[in-house]
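Just below sit the structures, each encoded as structure tokens.
Next, two complexes with chain A in common: one pairs it with chain B, the other with chain C.
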Partner chain A sequence: MAPTMPSLTPGFTTFQRVLSTESLDSSTTFLVSLLKRRQIKGSKRCAVATTLLLLRTVELTKQADSDRLIQRVSEVGKKLIEAAPHEPAVGNIVRRVLGIIRDEDEDDLVGTRTGEDGSPTSETGSDSIAALELAQSRAGSHSIPSSLSTRTAAKASPSPQRGTTRPPLMSSHTGVPGGARPVTSMFSIISHPTMRAPGVDSPTHRSGTATPQMTASGILSNLRPEVIKGIKEIIDEINAADDEISAAALEQIHPQETIVTYSSSLTVQRFLLKAASKRKFTVIHAEAYPNNHLKTHALLTGTHDTAEDEDNLPNDSFSKPLTSAGISVVMIPDSAVFAVMSRATKVVLDAHAVLTDGSLVAVSGSKAVIKAARFHRVPVLVVAPTYKLSPAYPYEPHELIEYGDAGKVLPFQDRELCTGVETGVRNPLYDFIEAGHVDLFVTNQVPAVVSAGYLYRVVREQYHDEDLQI
Partner chain B sequence: MPPSDGVPVTNGTTQPSGDVPSKESKKSKPRPDGSARTATEQDIAEAGAGVKLTGALLKKQKAAEKAARRAEKVAEKGAHAQQQAQTQTQTQAGPSGTKLETPRRPSTTKRESDTVPHHRRTPSSGARQLPIRGAAQPQPQPQASAPHEKEKRHELNRVPMFSHLYPKEKRATLAGAGREIHPAVIALGLQLRDYVICGGNARCVATLLAFKMVIKTYTTPPAVALSRHLLTHLNHQIAYLRNARPLSTSQGNSIRWLKNLISTQPVESTDSEAKQSLCEAIDLYIRERITLADEVIAREATERIEDGDVVLTYAKSSIVEKTLINAHRQGKKFRVIVIDSRPMFEGKNHARSLIRAGLKVQYALLTAIADIVDQESVTKCFLGASAMLGNGKLLSRAGSAMVAMMVKECSRNKSRNVPVIVLCETVKFSAKAVLDSIILNELGDADALVDSAQSGVFSTNPSLAAATAAPSKGGSKKSGAKDKDEDDSDDKGAGSNKGLEEWKDQPGLFLLNIMYDVTPAEFLDLVICELGSLPPEAVPVVNGVHGDDQALA
Partner chain C sequence: MPPKNQKSAGGKGRSGDDSKEEPLAAVIVADSFETRFAPFTLERPRCLLPLANVPLIDYTLEYLASAGVQLVYIYPGAHADQVETYLEASRWKSSNSPFDSLAILRCIASSVGDIMRDLDQKHLIAGDFIVVSGDIVSNFPIEPALRQHKNRREKDKNAIMTMILREAGPGAYDYGSGIVPTFVLDPTKDRCLHYEESFPGTQFTAHIDPEILKSSETDVRQDLIDCRLDICTPDVLSLWSDNFDNQAPRKDFLFGVLKDYELNGKTIHTYIVQDHYASRAADFWFYNAISQDFQRGLVTSLAVENNVFGDTHYHRSQGGYVVDRAVITARSTKLGPGSIVGPGSSIGTRCDIKNSVVGQRCQIGKGTSLDGAYIWDDATIGNNVKILRAIIGNEAFIGDGCTIGEGALISYGVKVAPGTIVPAGSRICNPQGEPAYGPKNDALVGGDAGEGHAYIDNEEDDYWGSRASRLIYEKPEFAASLSTLDSDLSEDEFSSKGGSRSQSFATSMSDDDPTDRFQHDTVAILVQRMQEGKQADDMLSELMGLRFSGGADETQVRKAVAVALMKHIHGQIESGVSPAEATRQALTAYNTLIRRKGADQAIEAQVAFLLDTQRDLTRRREGGKTLLFVIKDLYDLEIFGEEAFADWWADERSSSDPDLAAVRQQSAPFIEWLENAESESESESGSEEEDE
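== the complex of A and B ==
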């Protein structure tokens, strides 16, 4: 896929490159394969990759009608979700983007009704025409009276520009190289007939109508830039999530506490660092042996830059060890968690995903940590950036658990054990923790600290009801 | 060993012998020495207080006080005597063959002088002698600044919460052993220290056997009763062992039994008679309390395994292993899941020996316990014990509590009850009662947590691995376009080495490797001991029956 890459296996960087050079279709395929091969993994990375791809999708969808956008985004989103059922963040982002489109659409509708909308951009005119046609066609089938009326009203004015403006329109997409253009347009040509088929005769219908045109074209042309802006805001939000979450740290951690945390998480690290800027406490850090202990060690000593990442997720490359903030950190093996839990005052954990009902998917071993905390009546805090809040319900919790390299549990060199062990060795990467074990969720949304009981509300606010099932 | 050997070491070693006698003003030097010794004596006595009950404690304390008084007297006599003693020790510290004579030799003079070398020979003083004997080891001396700093930093690396568990003195070494320490005890001490002999039963049996050797080669000095002198002689051995590794409950119990036995030896019996009877008693004890007890427990526990069972077990316990193999031999069809964890990976050995015996074994790590408990229909959980505590709690390898808890909690969710069964000989029953895992614990080597990166690599040479990994890391940094997924285990290994190997130099970073944890009684259903099956709350009953807790009361 990326012959120019110096690295052996593709990853996030490769994806970014592909995204900027290749067509949408091949970018999608590429990301799908990356997700399937776990070459992009981790909630944050998946979220960012999905957002970038959806951004591109929106950028490249020329007939920027809301229905069309929604359709395109959910098409791409569906592929990604199917590719990564273990990464709820992907679905979350897809839903967020869909939600943005719906919001913008609604705003525009409101705008047209009140007649306030007065900023049409002429360059995207041809887009709006195409979208218009589509809208008309769809409006025929779906009976949405208000949008139908406004959109049919809008059709006529840009039609003269149709043929001429399309090529310059392409140049408005930032970062699209010349080579990618034909493919994109081919794609759009191929994909259009089925969708536009009923709309072929729409011009004839339109010609008969005589209605105000400027406002309507304004609506349509406004939609896409707004959506793009919204998606970019998602990226910013993802990147700023850790900092926003850490803002709640001082409200949660008091001096002289003993905090137990588990596995390597930059979000938790920032959270604790923020608290450490003002207060002195002790952190007991369990290492999460087979999968995350090396990262944990690196996190503790501040040598994180060598491990993976992170030239792409800029914030993540920076990680100061907690000890540099004057915090004493005790690293323990996983087996000692129960023993030291009796001295802990709080448990701060990261999650892989948080489901509506307050259940978690988190690094394997977290369940034992949380259970131990419950046993010792130690409150559990879970830091959960919004992209981890998933509207799903855990009907089949074990489907959320992914399994990793069994060689980490039993090295393959150990022949006697490897061949002797029955039913294979499993290395679960995640634990599912049922609802009701977490006392507090810390998110980067407005109610920064959410009790488990109110979580469903926060999750619900993230998404539109229509998008819950994609 | 000649003092010239001590020259290579910066200063601390040769100074005491040279400086102290020369300056009379340094007379204060022996004093802290003596006080330090008494402190350690008392520490030992205190530590013993846990193991023994009041009688033993009183005796020990008295002995320690006596020793302290004597030491002070000796110190006040001046540096002259001190130096004499030192030269004496230097000349005598040599081949282990002299050790057997040493207890006798000073006793020819006077009883007071007899005890001086004895008490000088407690491991604390032994450790202090270390630099003179083995020049290789730098010794923290108050005068020596560099080792002092090192010691200070070492102190800094102690987890405050667990500071009571850190060894007060240097761990027992071959060179640090006093001359009266029996070679068998020295060997055992080293084996215990390095976890070559590991596990409650093995440690207990090995200790008893070593003491049997000690008793066999022991000769009572004239004008002293065996029952009195052998005890003090044994105390040095015990102190050495304790310094090598804190005594387990089983060791403590059997040592207390042995001491009791020795002290009740009839005064009129001859040496050989007494020794004979003691050796026989030790053999009998091992057979009854451990070998046969294991048989009985294994038989009883085997009856509780049924066809189709899925037995979960954690780490390694000799008695659990015996039970499982026993059940397999009886033709029961069941499956075993061995849970394991860092840093000791005892479960691997356990799984291996079970596989060799032909059992169906599944192996998983402690992090995967939730998955195992959820996905596999575990029907029973067998745990070994380091000790059963008086309040029904189980002291066992760190992680047992997690396993028991997860088995209980997760099965409860599915409205199943999975019994957690503890297999434990009565030797391991203790009258002590603790509430958490912090008071009564043991610290393993913190550095054991560092080197996991090489676990999957054939070459165990870290420098080699680092060398191979270093260029790749440098290259990746330079290229900048390095992909996140490209770094393989090599690179990660280097990262971790770079990280944790120097943890001692990073202020504020502690590595804590505790050996045991305490499983609350509510996670346990059954304790199988050789007296039968009991609920965990019934542990004090067994203590009453066997009288382990009141042995010397």
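== the complex of A and C ==
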């Protein structure tokens, strides 16, 4: 299963090579087919691949005004999302990138506005009032999320801001008779700054598309670098997510606890390792047969051969087993989960995706673990980096579930056992766990630990409302 | 930047395989030179038949793309133009193609061997390459196999080929209509020691070199699905060229190379896949089996709902059916588990569709029920039609109220009149453009129901009644119905075996029965040897080889010998030798062929030989005269006993036909004489013959 030699088989590394050499169109096609063939799988890798492709998209888009960028990114994003409906991380990243573009666009807008508003403050009319309103609303919108998160404050603000700015925009456009010369006014803005007609500047600036070639000199030139910077931050964030999450470990895991965990997850592994640096506790690890037991074994014994097929994402290759940190680890078969649950004080699980309402998609078998935990009233803690937080609502949960090689459940060699079975033997890779079964979510967002009831706010902060439907 | 680091790490890693600089190449042999998919392959190439609404060749190409193959050469075989047109328009040739290059190579070929020899002449391939047939469905990673092949090759230059085999359950071939490949393997070295083909349901016999059995461990396996996916070295091509009479990749080439191990020391290895999916749509049975796996979603990475091929939007619903976004379904229609409905199709009210694949742009009327049916693209099905486990080809039209029986194959563009009941197992195709390929059997025509005629505006549907291939595309999985079907089959079974190997397009050999490949080859070789004046003993061993590699039975061999002898004798006569002389010479020299070891020496067999001879001579000039001499000589040389002649004469088959009767007429005096004569009158008969 684990090819040790770098391979001809297309995968993450080949994708990177294609990305750097081929055109955007063929890179997109390449990634789409990789996703469809499941040659790139797992939330993290899908997220990184998507980010890299979108980064390239932004870099290669000509005439990079915001509308154009948004259009290109959503085009590419749609293709990717269609190719991998089972990997919500792809959609999440596309939304994040769109959000960055919108943010930067707003920032530019605000920057030019304030810069220009600075000198002609004496200008009267609807515009200054609108600007005042805008500033107020911005301040207001700042104050609310900043209590929740400092980092995403700028990000969270645009959506309410947009809502409030739109009416004055419309009114200024229609209400002021001077709007009859919208295009020529652009020249006047630059050449005769004082001769500007009030009210005209705001629509022209805001809708940069109307005269992109003009605005290109000032605003657009730094939109793209900003967006690129933002996207690169996403990559950093993805790579640092595990460490950031593990920062919460010491508050969650206490001495002498018994932690139940399930399947192989590097995020959980790192979380527990961090706790192990200061605390002594016991880990009971269920192996997740048949899809993940080999990986679990490798993770526990530290023989990390199977990590090879993770295609060397940074930090993935390096990990030491829990036992080396002085933790006693008990590996149990899946069937014993219920029996040991009565001893457990906490369940720590990884998720494949977390949805707004607190439901989650996780490795198959997780549901059984969570049900057992509910029965014994053991708190369940789910670690989920932000790229796994999806704004989707599970209308059709079965569509989120991916199926694997049925041969692992019933070998092809024993085919005779399937005759007469109408739907055939299936091997779900994921379980869908309804909302309300998980007590705490730990993310790498600043309010690191959130209860299930507040999760929706964290998810909402991640994305712009406009991008919820792509 | 972490990704940068990654990249360099990846680059460093890749430098490892820079030593094998050349990109991986693959050769697709799209035609298998069989008629397993008749009648559909009469009009379309086999590799474009849709499986789960995707042409077969796409699966092969997709597999190669997923394996990282860069150069692809395709030999389309029959209907090359259609294949080329399809590929030119497909994404494989577009600028976003996963392949660096995809070339379509053409050559005049009547077997896989011809293609391989052509490839050798073209000198396209320098390094190791993959040879694959154009009908595999697979998703296993080829990487480990390639690595294994490379490692072995570094150690041993003679390891020329690695075959990829998928382990299946015992009895994987029990229901298939094809052959059962039997591999004798050395599991310690993954080496293939011997290869045989047999038929399902027959007792397996093999002639294994005792040397082989001396290795410490041997496996004899019949549970391996041969995907026809081989990793080859260029040596393989030169071997094909050396053995210019090899036709089939397995029964000729593999068998031959293994047999000649002592001679040239080449070894062939196997890589047995234990998980993932690997299969080959070799015939209708496998076609059906693979389709069902798709319907159930067992082929995970290629699953229909993954929309791997192109811009479809299939969705698997909770009820276990897969429907495209662009399908119009009336509300009261029931879609059962295992149904796949392609884009652009519309289904009327009150339909009941189970386990069926409906292609693109199909129209299905009201109240129709489909169970296990395969409806290909653009077909139109009327109201209240019942279709059970049948294939309806592209653009076919099935009128209202028809019932299509199990195993029926309805080819492209056929129109079946309303109210027709198509019997189970029938095959209907449109005769246009096709020469009459076999005896027409109007009694079985689907469209001849009385009231239907007025409505059918096309030509009379023809029953394509060749005996060439198995009619039943599916054998039931359930023991209960197995027995009933088997009884239907048993008569056909015998005759169909040899024929199933016939070529998918007609060869230039009009002289011989074109449906029987073994027959044709054997006769040709025997006649050639006779002309060369080879010893009968040499020919005997060659005949044995041909027999086993062809998987032929005694009847066929006997017939081949009869035809070959007659052909030889006739050839001699043509070249001026007197009939008596020619016959005597031939039979003296080659009577061991008739009386060879292992041949059935019962009277019936001798009678059958005489019948074969007689039948062959009906086609030759002065056949009657030759027959007389042959019979005389057979008697004189004590090859056959008197009873054989008497029985033959009495056998009604020998006079059932006017031609046959005419031929044997000249022999009448001899038989009469034989009946009256005493056994010691041998010398007389000899002199009498010289008088003639």
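Criterion: the second predicted complex is superposed on the first by the 346 of 470 C-alpha atoms of A that agree within 3 Å, B and C clash if a C-alpha of one lies under 4 Å from a C-alpha of the other, contacts with A are read in each partner's own complex, and residues count from 1 in each chain.
Heads up, the rule we're going with is that contacts are C-beta pairs under 8 Å (C-beta built on N, C-alpha and C of every residue); 3 or more make two chains touch, one makes a residue touch a chain.
Computed from a prediction, not measured in an experiment: that's the story for all the values here.
Student: Looking at A:Q39, would you say it contacts chain B, chain C, both, or neither? Reply first, second, both or neither.
Tutor: A:Q39: touches chain B and chain C.
Student: Using the superposition on chain A described above, determine whether A:Q256 touches chain B (first), chain C (second), both, or neither.
Tutor: neither
Student: Figure out whether A:I235 sits in contact with chain B (first) or chain C (second), or with both, or with neither.
Tutor: Only chain C; A:I235 stays clear of chain B.
Student: Touching A:T13 in the superposition: chain B (first), chain C (second), both, neither?
Tutor: both
Student: Taking the superposition on A as described, I'd like to know which of chain B and chain C A:F30 touches: first, second, both or neither.
Tutor: Second partner only, chain C.
Student: Kindly classify A:G404 by the partners it touches after superposition: chain B alone (first), chain C alone (second), both, or neither?
Tutor: After superposing on A, A:G404 lies in contact with chain C but is clear of chain B.
Student: After superposition on the shared chain, which partner residues are touched by A:Q469: those of chain B (first), chain C (second), both, or neither?
Tutor: So A:Q469 meets neither chain B nor chain C here.
Student: Identify the partner contact of A:P321: answer first if only chain B is touched, second if only chain C is, both if each is, neither if none is.
Tutor: first
Student: Give one of first, second, both or neither to describe whether A:L52 is in contact with chain B, with chain C, with both, or with none.
Tutor: A:L52: touches chain C, not chain B.
Student: What is the shared patch of chain A, the residues that chain B and chain C both contact?
Tutor: Residues 5-10, 13-14, 39, 312, 398, 407-408, 411, 413-414, 416, 420, 422-423, 425-427, which sit in both footprints.
Student: Within the complex, which stretch of chain A touches chain B?
Tutor: That would be residues 5-14, 39, 45, 258, 282, 284, 287-291, 293-294, 297-298, 300-301, 303, 306-312, 321-323, 326-340, 342-343, 364-365, 367-368, 371-372, 375, 398, 401, 407-411, 413-414, 416-417, 420-423, 425-428, 431-434 of chain A.
Student: Within their complex, state which residues of chain B touch chain A.
Tutor: Where chain B meets chain A, its residues are 159-161, 335, 341-343, 348, 351-352, 355-356, 360-372, 374-375, 397-399, 401-402, 405-406, 409, 413, 435-438, 441, 449, 452-453, 455-456, 458, 473, 476-477, 479-487, 491-496, 498-500, 502-503, 506-514, 516-518, 520.
Student: Spell out the residues on chain C that touch chain A in their complex, using ranges where they run on.
Tutor: 1-3, 5-7, 9-10, 13-14, 16-17, 24, 62, 65-69, 95-96, 98, 139, 141-144, 146-147, 166-169, 171-172, 223, 274-277, 292-293, 295-298, 300-303, 306-308, 313, 315, 318, 320, 336-338, 355, 477-478
Student: What residues on chain A touch chain C, complex-wise?
Tutor: Those in contact with chain C are residues 3, 5-10, 13-14, 16-17, 20, 25-26, 29-30, 33, 36-39, 48, 52, 82-83, 232, 235-236, 239, 312-314, 396, 398-399, 403-408, 411-416, 419-420, 422-427.
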